[in-house]
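What follows is a set of notes on a single structure, which appears directly below.
As written, the chain order gives the labels A, B, C and D, with residue 1 at the start of each chain.
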Amino acid sequence: MPFRTVAFVASEHDEAQKALERMLSAYRHVSTERADVIVALGGDGFMLETLHRYMHRNVPIFGMNRGSVGFLMNAYDEDRLFQRLAKAEEVKLKPLHMISTDTVGRTREALAINEVSILRASRLAAKLRISVDGVVRMPEMICDGVLLATPAGSTAYNLSVNGPILPLRAHVLALTPISVFRPRQWRGAIMPHQVTVKIEVLYPQLRPVNGCADFTEVRDVASIVIREDQTTKLRLLFDSEHNLEERILKEQFLL
Amino acid sequence: MPFRTVAFVASEHDEAQKALERMLSAYRHVSTERADVIVALGGDGFMLETLHRYMHRNVPIFGMNRGSVGFLMNAYDEDRLFQRLAKAEEVKLKPLHMISTDTVGRTREALAINEVSILRASRLAAKLRISVDGVVRMPEMICDGVLLATPAGSTAYNLSVNGPILPLRAHVLALTPISVFRPRQWRGAIMPHQVTVKIEVLYPQLRPVNGCADFTEVRDVASIVIREDQTTKLRLLFDSEHNLEERILKEQFLL
Amino acid sequence: MPFRTVAFVASEHDEAQKALERMLSAYRHVSTERADVIVALGGDGFMLETLHRYMHRNVPIFGMNRGSVGFLMNAYDEDRLFQRLAKAEEVKLKPLHMISTDTVGRTREALAINEVSILRASRLAAKLRISVDGVVRMPEMICDGVLLATPAGSTAYNLSVNGPILPLRAHVLALTPISVFRPRQWRGAIMPHQVTVKIEVLYPQLRPVNGCADFTEVRDVASIVIREDQTTKLRLLFDSEHNLEERILKEQFLL
Amino acid sequence: MPFRTVAFVASEHDEAQKALERMLSAYRHVSTERADVIVALGGDGFMLETLHRYMHRNVPIFGMNRGSVGFLMNAYDEDRLFQRLAKAEEVKLKPLHMISTDTVGRTREALAINEVSILRASRLAAKLRISVDGVVRMPEMICDGVLLATPAGSTAYNLSVNGPILPLRAHVLALTPISVFRPRQWRGAIMPHQVTVKIEVLYPQLRPVNGCADFTEVRDVASIVIREDQTTKLRLLFDSEHNLEERILKEQFLL
């Protein structure tokens, strides 16, 4: 699909800033509020930030890799940008929606593109209770934490804690424990994407716990409710020969 | 849904045969060719056999546990069978369809409800090449074998080889290696259910390999092509409070 | 071996304090400085503290379980204490010795009975370099952290992060990553007990990291050197039918 | 240590045979019965065979890699063989000793350098009982099989089934299940090297099982008793900069 106006954004790193300069001298830039498409220059972390920042605009975002990993990013190339954007394929992602309640009763909401994670905030292990669709499935888990990852996020923190890589088209989520002590060697569960997952923190004063929706952190969590957000759509653009679905599939066969 | 006529089938084990006698004295039995519903008495292995045998009839099958594991089975109870059947929930499963070609060029087809597996048939490790939708994803894997499991089968052999348990609703398949030597510690891949998976056996004379679709065995396999069968529907009945979806979910939280 | 004088110590928990009262009324108590044997009432955490506190005294410690897990503890029983102590078997453990250097050059030493662990102290993953006996074995690991566990500690935090359970007699240590991102799915290494392990923190300002020798925490670690301490001997007493070696063995067959 | 007489042996593969010809034209060859040292040309499989064949001779064996993997082998080089042998380091390995009893009561003994493994010989899973030093530790395991590996063998079949890599100096053995169904996800156990492990096959007629000591196969096993052999010493020579201990250590940090 052809785009007429583009906005460039870049991470603070040198390489990304230099790329930004070159792009600005080669192409006409409009504000992110008016652009048909946003081009993000940086690594995966910056892409995540960009997606969060411009979610409300509902425009597609095309990432070019000027940073680490680059799983969400396309190859960097200064030439023929508009032709490339026109041929790019759009992938729509649904974020997770988190509502957290802290130990003094304050609630907070945030969206996560990769994962919502919960992690102990002291030397003491967390004790967590997990419910799925209102049914307690894990009455007490002793652990460092737990996370719920989307397919797009399944290759990020979820992979570090041995969670399964999920194909984009599968419409499942990965509930994966972080350093679980009891039940011993629990591996986590793959969940249909329609579920509502509730994590209750047991003894939250004695065993303080933080929550994290991508990089939005919440302290002193008492409980967190997570479900797929049905209203927000993230639109990512990928060069067709190497789109996100293909990358996740490749990642599964990599080692 | 109310059923009018029932056929009973039972495994050869004593306990199943005794249950069969009691059922036949309590209820009117019709032939499996005329029954609205088939009641299978035995364990999971017998249920699998029953599903295979009566697939063509397209009638629902209600299993009652008189054997080992009983993952596909309901609790055994001699009373109020028709009321129970009327209230049971139907789960529809799609089997996998396997086409194998052996080293002298013969092809064979079979269906698998749980998994299609490939296993070395000699002391020598197998060398396998895996393609997904026509693209080679794993050029050479040195291993004892590999399997492709359905969600229903994900708690069977797939679980023994550390494959992920898949929720029924997820519409994914688990491609899981069996004792993989190279690539080291490859964990397998979760696949969208629409894929076609091809396994080619490298050096099949030197390193002979057998294939298995549930319990249909094929010797001296040269290659196997597996995809979800779109024409056959397996219909299983479960007591609503403890249906197959619930069991698989529970199994994920069990340890 | 017969003991003449005993000192009782107890954790702050109610149950342990009540047990302490009953013990003090049943047996003559001497100060921990003069006792032949120390009896510790509480859970594993308290036993660890007790071992640390009275290490210098070089007297055996007999734990009785009034708390959680109780892996290092004997069953609680108020009767026939001296007969029981006389028949108990002594297990000698060597702690790990940690020297940490922080980002401003301060060094600190501490002993660990279970494990020395390193964990990220911010949202950012740690980047660590691991050397064994002066040879860099892992130039850069992206992870939440890493730990080095003794056999006695192999069933504690090490087990939570999927490390191997080590038999007491094996004289090996477990180097186990915590939530490792790169190298993907690295499982850690079993090390001969004579090794010196050095962990260097890369970019310690940007990616702050804490170290922990059991519960002694060190902030802003730049590097940590760990080796088995040859001078300190921890002496634990166990009822012979259920000693620590047996427990660790059992733990390996448990699931 | 200087050697005066050398015997060359080679696997049947072309490359090994060609290397043999070149070696025979460059060096004086004596019979394996009279040689001070045996030089084996081939891959790891051939080295294993050579070790088995010349065990009784108690001479060191130096492998040169002309085949696959080459974990037990040194680099191939036609030059300066005697200087190289003189500087090589000797590693002594103890094999495992297996006594098997089959279903008609015949016993058989064999040695294993890598591992003793037990594997189902039919479509049906094996049911095994495991005892360690006379104590039943696993009353019934449903699985494809189990193996007991030496440190030298811990990087072979044991690694394929996710067993731990064991450092040579550790004096432990790895008891690792093969495709275990129940107990679910049992990971196996690391054993002190002095143990005697007994595997009893339950229902061996219904569920036939084969045993394997390296490549010596025994059919219709009823039980197998395995312990470290104290009388046989295997002597392997390695170039010092890249000896077996170093290789196993490296293998643990590889991925």
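Some observations on this one:
Keep this in mind: contacts are C-beta pairs under 8 Å (C-beta built on N, C-alpha and C of every residue); 3 or more make two chains touch, one makes a residue touch a chain.
Computed from a predicted structure; not experimentally measured.
Bringing chain B onto chain C by least-squares fit of CA atoms involves turning it by 180°, to the nearest 5.
Using the average of C-alpha coordinates as each chain's centre, C ends up farthest from chain B.
Centre-to-centre, using mean CA coordinates, chain A is 46 Å away from chain D.
Put simply, the C-alpha centre of chain A and that of chain B have 35 angstrom between them. Residues of chain C in contact with at least two other chains: 184-185, 187, 255. On the side of chain B, the complex with chain D involves touching residues 123, 125, 143-144, 157, 159-162, 178-181, 184-185, 212, 215, 217, 254-255. Remark: chain B residues 130, 132, 137-138, 164-167, 169-172, 183-192, 194, 249-250, 252-253, 255 touch chain A in the complex.
Within the complex formed with chain A, the residues of chain D that make contact are 185, 187, 255.
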